[in-house]
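Next, two complexes with chain A in common: one pairs it with chain B, the other with chain C.
What follows is the complex of A and B.
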């Protein structure tokens, strides 16, 4: 068999194994009243893909190339991930990436470390060794044991390739590449089964449960312990589930999960492509953007994970972490005692009380992200605050609106954004939305489009009085306090976290559960980790609508003994 | 005196005592651009500028005793060697002659290390009456003094302008600098310890007396992607006592920060290219821009030895690249030096000089603080 023919064969294997998955990804539709929400098949986000590869093969594996872009739906990538397919170009990218990873794994430099065994002869097939490696890696990548059929396919393909190419490692590489390009890896398909404990109800199966848990709490694959708990059935018992969740919450990997959720909720996927006018903001560069995201995520992780703190405090805390690059834009002193020429260091920093900084809304990541390339935007900031932090919907501007007055920052009659927006609001069509967004955003006007501080705009003193849902404030720090005290912020984060975990918007039948979660959140003094725990240990989190016949028939899945079956 | 008046008087006195002096504030900067303050004018070099280096080398060879034809042949042969990859230093006949064009005890020695032992090729120097700088000696009309082309102030001491004024690569404008200085500065700016300037006064938003200190940082200057100095970075102050003396009385007046009582300056730049930068009667006049940055002049009497070794970076390659005959430049420096007479040398050791600098706001912190916690 030629190498080309072999490649076609392996590719065929991949498509055959996952063909069903390509046709099963229909966008989630709201369930009928009283019916559980559907289990969602989600494509791995780019971050998750990278996390899994690092988890399975170590951080030395380089990911070269681009993957299909993540898609955001209902304000979350994790929800968008359940509404996407893969284009043919995207599949080609996944395959290229897969081959690149596989060749690195079996390279002479790393093979001894990666493979648990050595072939009897490196130029010949060795089914036992290939099986040992592929079965182990396959169970991690697919988040479940390989089916007997899958195991046979991958090991056979590796053997045939090794014989043809006279290279054991080339054979293993091809099979590994096929696994990495398989929909079983790229998509988190959740299998549904009848719940034996509740007649007439359905739940996701144990391995799906393990996977949902691990991506929810760690943003990565289940570890061996969790897979074992799935296999033994422990995960389907309340005690077993509680034990696993408690273990996972105590793990340092929890921080990854918390960071991933807030990066998603805050829309940080837009940061890498954030562009600023370098004439106006010459210090705002790629390093600034990277560090700005990290600053906010570090701060959140510190408050919510390290200190097991109150979610509301992320809107008011003056404690944060900075690099020298960031400190220069914040215009604060930050000494790096590393040798000259050393890289910037992350250092804890507390903004002074009179700095106007406090909470994530005064971080560069929020201020710069929700600004225009060449100027700040009270409207964008107000809109983001309402939509991202309070889960309120701000309507899009009507068509054919004349923005000339707002955009002309050189008009001597309207020196400040407040003056320009007040003039703009004389148009009643615009006033409706602007009165929702602007009073919040205007209080952040002491921060320019790059997030740096300013007291004046075009020589005029900036007025930072504002209001949010009836709470008045006079400065930027007041905005954070208003969000801190706003019940909508708490309800919002709880709902977002539920949607993030489920991969879809909650359905009506889940309303009571969500309400209970919010009450528990309040009872736990708004400790975010407690909210995660409550969600992860809820039976409702794993409940699912009965499987659609087409979607389950197409995807073969193993039962707990590893045998293939169609679950009903 | 009525009793209540007495009480008021005592109270007022006590209040005055307890209030004490107003708290001083400090604003710091880091120097982001540096070049020789030379404003080229059309009438600077009425006899032309110094020739290209090949022409200058022809002259140097003739001074060494080679005939016109022999010198031309040596230069021609060297040119024919071109970029031949087999060209080796061992066979670089012209290179050896030029490097060792100094004579000590009749023996050829390195001319860049012993410029005084060469024959003065007598380079062309700047004439004219205009140059930027400072009146360092307080005399308004001393011979050789310049006039500021903008303010028309007379008595400007800037003899370094004469020395450098007629080299093609050093000619330029105060605003944009020259090819030579831009090259030099870009070579060192991201590796040399940053220069910091700190201004302390009661209220820096108003005119009034200030204290100006110039120091060195432990770090190099940080720049933005567009090449402009990044403002508001934090720099650690080098605690070396050599820099601690760089403190001057000054003032803020009319949007300028000025030294009013000049003193000595000791600084270091890049250890390879500009090892030491020192001045006597150090002076500064820096304009405060609307964005808070500074631009302006520093000046004083600078040792010619430091200038020579900094500019010459003594090597034949530098000499060829910069098209400056270094031993000739040495003689020009010596002939135009105007301060600190050395009887043994029978010439002055220092020359009046002025440099244009730009600086951006920065945070300057003590270097001894240990704030690394992660």
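What follows is the complex of A and C.
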């Protein structure tokens, strides 16, 4: 069936699953002008690695060791993942982790549950049983069926090692370990093919599409239904794509995807190593940090996924979830009124109107992350707000500046950060940037470096008047309202989400598409899930630059001395 | 081209089990130079890379006397026990060539790679990698990377897209180095572990797919996949080594097991963990497990208990003491950092090997980002080396330079360790002038 015929068939179709009219398929008439962006090969992020292992083998598998740290590029780890490779030491860690996982999978305790078959003799190779297991697991790990070559390699490897070690399971374990250390697993390579529906255009192939979708919406691998839709060609039809996206958005796994995006956008990977001075902030410890991240992600998931709400509301909502640990820093009373106390340590909580708290900018995760170990920082907070929430770039301070006089907190003339920064701004070199960061950050000064509330600093009353792009406010909650009403925040999240999905910065030819997405976002009252849906159902999302021509020179392998030898 | 694969060779010998394994000679076993290990006399050279941001106190580290027989200035007195084994370089600088001064970043890049690069795909290897390519391929670990502040990032990188993780936890490093897979190089009996052979064989199934994978990729992705396969190849080489009887290392001994410690950026924790990591590094070198180590201090985040500011923030915000003329807390941080370094060097120098010490056959390069951290100066950068690299470096010298690139030291260190280069650094940082005063018998 031609694409045109299909489009006629589905024009105006509204897909179910509560997604609303936003899903209406708009026929895509002409190919976009300009060169398509590259389909990016991404290395699995640490979180994705853990998600995939839990999904394929169950949550009881322990990941011991450390993976190569994720890299952030253009403000996103997901974009950094499209640029990194792996270092020697990092690979040694991946390989060690892979063996650890594989040996747990085939351990005596779990093997009967994990393997679909038993070997004819446990001390010998059994190609049929190994094949059955490795082919199935391989298709999950590689997010597509194994090629005949791959299948042969892994089954042979299992057989050879089983014979050497006189143990079928040891053989399977080693082969599975190799699979988990292979580039096909660690890198999400996207295959590009000619688009039969648009002459001269290219797109990523069906399995790559399934993978792109599942990592975008779920932050994990495709499920069987999605893989089947890739296999049957359904994903390449507009109707099929819409159906799958609607199904995925209705899945409880959507929450994982939304959380992963915001953890990336908000830079939460820096939280685990966030250290506060325990003498000054005695209640701030590792548990606080873990809970602070969870609080914000739970709040976001509640507003955007459970309530299918407006993105802007995350900056103003006073509703959140707290644990007793967090309640003690927020200095609020958290009553567990569930029968018998309830098992869940997370309780819904609503900050009072006069608390000054409202929205994620007044959460510990933002306030403490963008502070110094021992005190708050209006400049760091203002900078983060502009860079993270509004996608603006604040230049780094000039190299040769002496901060000593104006940053001396023991100076009786400069008791508050406002006074100190005021003095700082008399230097014209500094004034330019501090003018754009400080007025925002100063309104958050009633929150100390650990995020707890305070009214005074060094005995002086804190003045929380501030301003963001012409909107004036007099307290912390006002900052959230100003971001809520700032068009840059909406444009920012849409652009970040596109870059997150593509794994790269958008190219010129994608400008019109992005503009259209922003208009649709507005038309959908800024419902975040509908923005995800719109991106995931756009043909532009899957358009790709033509595959690189293969040259024989590129296929020869460099050896240690930098010369080349022909690959066997 | 002979049509055999290593896997096939291994497979053929596996049936014979624990006898001598005839492995094809690896490329890596041929390069490098001056390694007399096989004949049992000279012990191999080792290289350590110590990176500590935030400079030293201006005016308090440069020795008065230039040349041999210098006295340490006040801030480096703590290194006095090793004065005859150290060199100090003063007066050198970094060059930005009109590029923006990304403080604490641009100059780290120059120190580690010789250049400031514009983008992630244009970053060259850090000098420890260039050295490891020569001396790091014959050990179980190509290098060991540790951090002192709890961080998992190191400054060691093969390229911008492949940077090495660091291990901050001594107990974890212990397990990696001296866990069940450790083979005592001095054990009388050696029989290759069949599971190592099997692992080696299985990995070759991954590398055998290289060609078909490469065919699908464009140039930049091919480069990344190349890095992947280089890393896999190094694992294969390490497995090959584990199947050969290790060369005897007379001074090798296994350290006592380490329990979990509190890891973080508090100076007290940093110093405690640094001592443990130093001990493990010394044992690893003495047992031939590695010949390269990188220590990232993470000094910018170091904190004293009860002090609201970390070291980096303090350098910018603390007033100069009107009487003393320097920043008092910063001075305390520097003192702690220099003590930490001296302790580490002490662990190497305290490890006796024959008539010398482990430090004697090691070369440790100490580098930093700024001359005066308070104002981010890029002139008069302190640089030190400790250890004589088995006679390849002469020690006990203070080399004074009039604004030449810091890369001179990086060049000299690499040349002393056998890296075949005649120049190091990019644009104004580039130099082909070896510090000949300290060149020994290379």
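Here, the second predicted complex is superposed on the first by the 505 of 568 C-alpha atoms of A that agree within 3 Å, B and C clash if a C-alpha of one lies under 4 Å from a C-alpha of the other, contacts with A are read in each partner's own complex, and residues count from 1 in each chain.
Please note the rule applied: a contact is a pair of C-beta atoms (placed from the backbone, for glycine too) under 8 Å apart; a residue touches a chain by one contact, two chains touch by 3 or more.
This one's a predicted model, so the numbers in the text were calculated from it and none came from an experiment.
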- What is the contact status of A:86 with respect to chain B (first) and chain C (second): first, second, both, or neither? second
- What is the contact status of A:182 with respect to chain B (first) and chain C (second): first, second, both, or neither? second
- What is the contact status of A:471 with respect to chain B (first) and chain C (second): first, second, both, or neither? neither
- Please work out whether A:332 is in contact with chain B alone, chain C alone, both, or neither, and reply first, second, both or neither. first
- Should A:394 be classified as contacting the first partner (chain B), the second (chain C), both, or neither? neither
- Query: Which touches a greater number of chain A residues, chain B or chain C?
  - Reply: C
- Message: After the superposition on A, what does A:346 contact: first (chain B), second (chain C), both or neither?
- Response: first
- Where does A:380 make contact in the superposed view: on chain B (first), on chain C (second), on both, or on neither? neither
- Note on the structure: On chain A, the footprints of chain B and chain C overlap at residues 278
- Query: In the complex formed with chain B, which residues of chain A make contact?
  - Reply: 278, 282-283, 285, 321, 324, 327-329, 331-338, 340-341, 345-348
- Task: Going by the contact rule at the top, pick out the chain C residues touching chain A in the complex.
- Result: 1, 3, 5, 11, 14, 26-28, 31, 100-103, 120-121, 133, 137, 141-143, 145, 150-153, 156-165, 167, 172, 194-195, 197-199, 201-203, 205-206, 208-219, 221-235, 238, 264-266, 301, 303, 305-310, 313, 316-320, 327, 374-377
- Can you list the residues on chain B that touch chain A in the complex? 193, 218-220, 222, 224-226, 228, 230-234, 236, 363, 365, 369-374
- Query: So in the complex, which bits of chain A are touching chain C?
  - Reply: 38, 41, 66-69, 71, 73, 83-93, 95, 99, 147, 149-150, 153-154, 156-157, 160-161, 164-165, 170-171, 174-175, 177-178, 181-184, 186-187, 189, 191, 273, 275, 277-280, 372-375, 396-405, 407-409, 449, 547-548, 550, 554-555, 557-561, 566-568
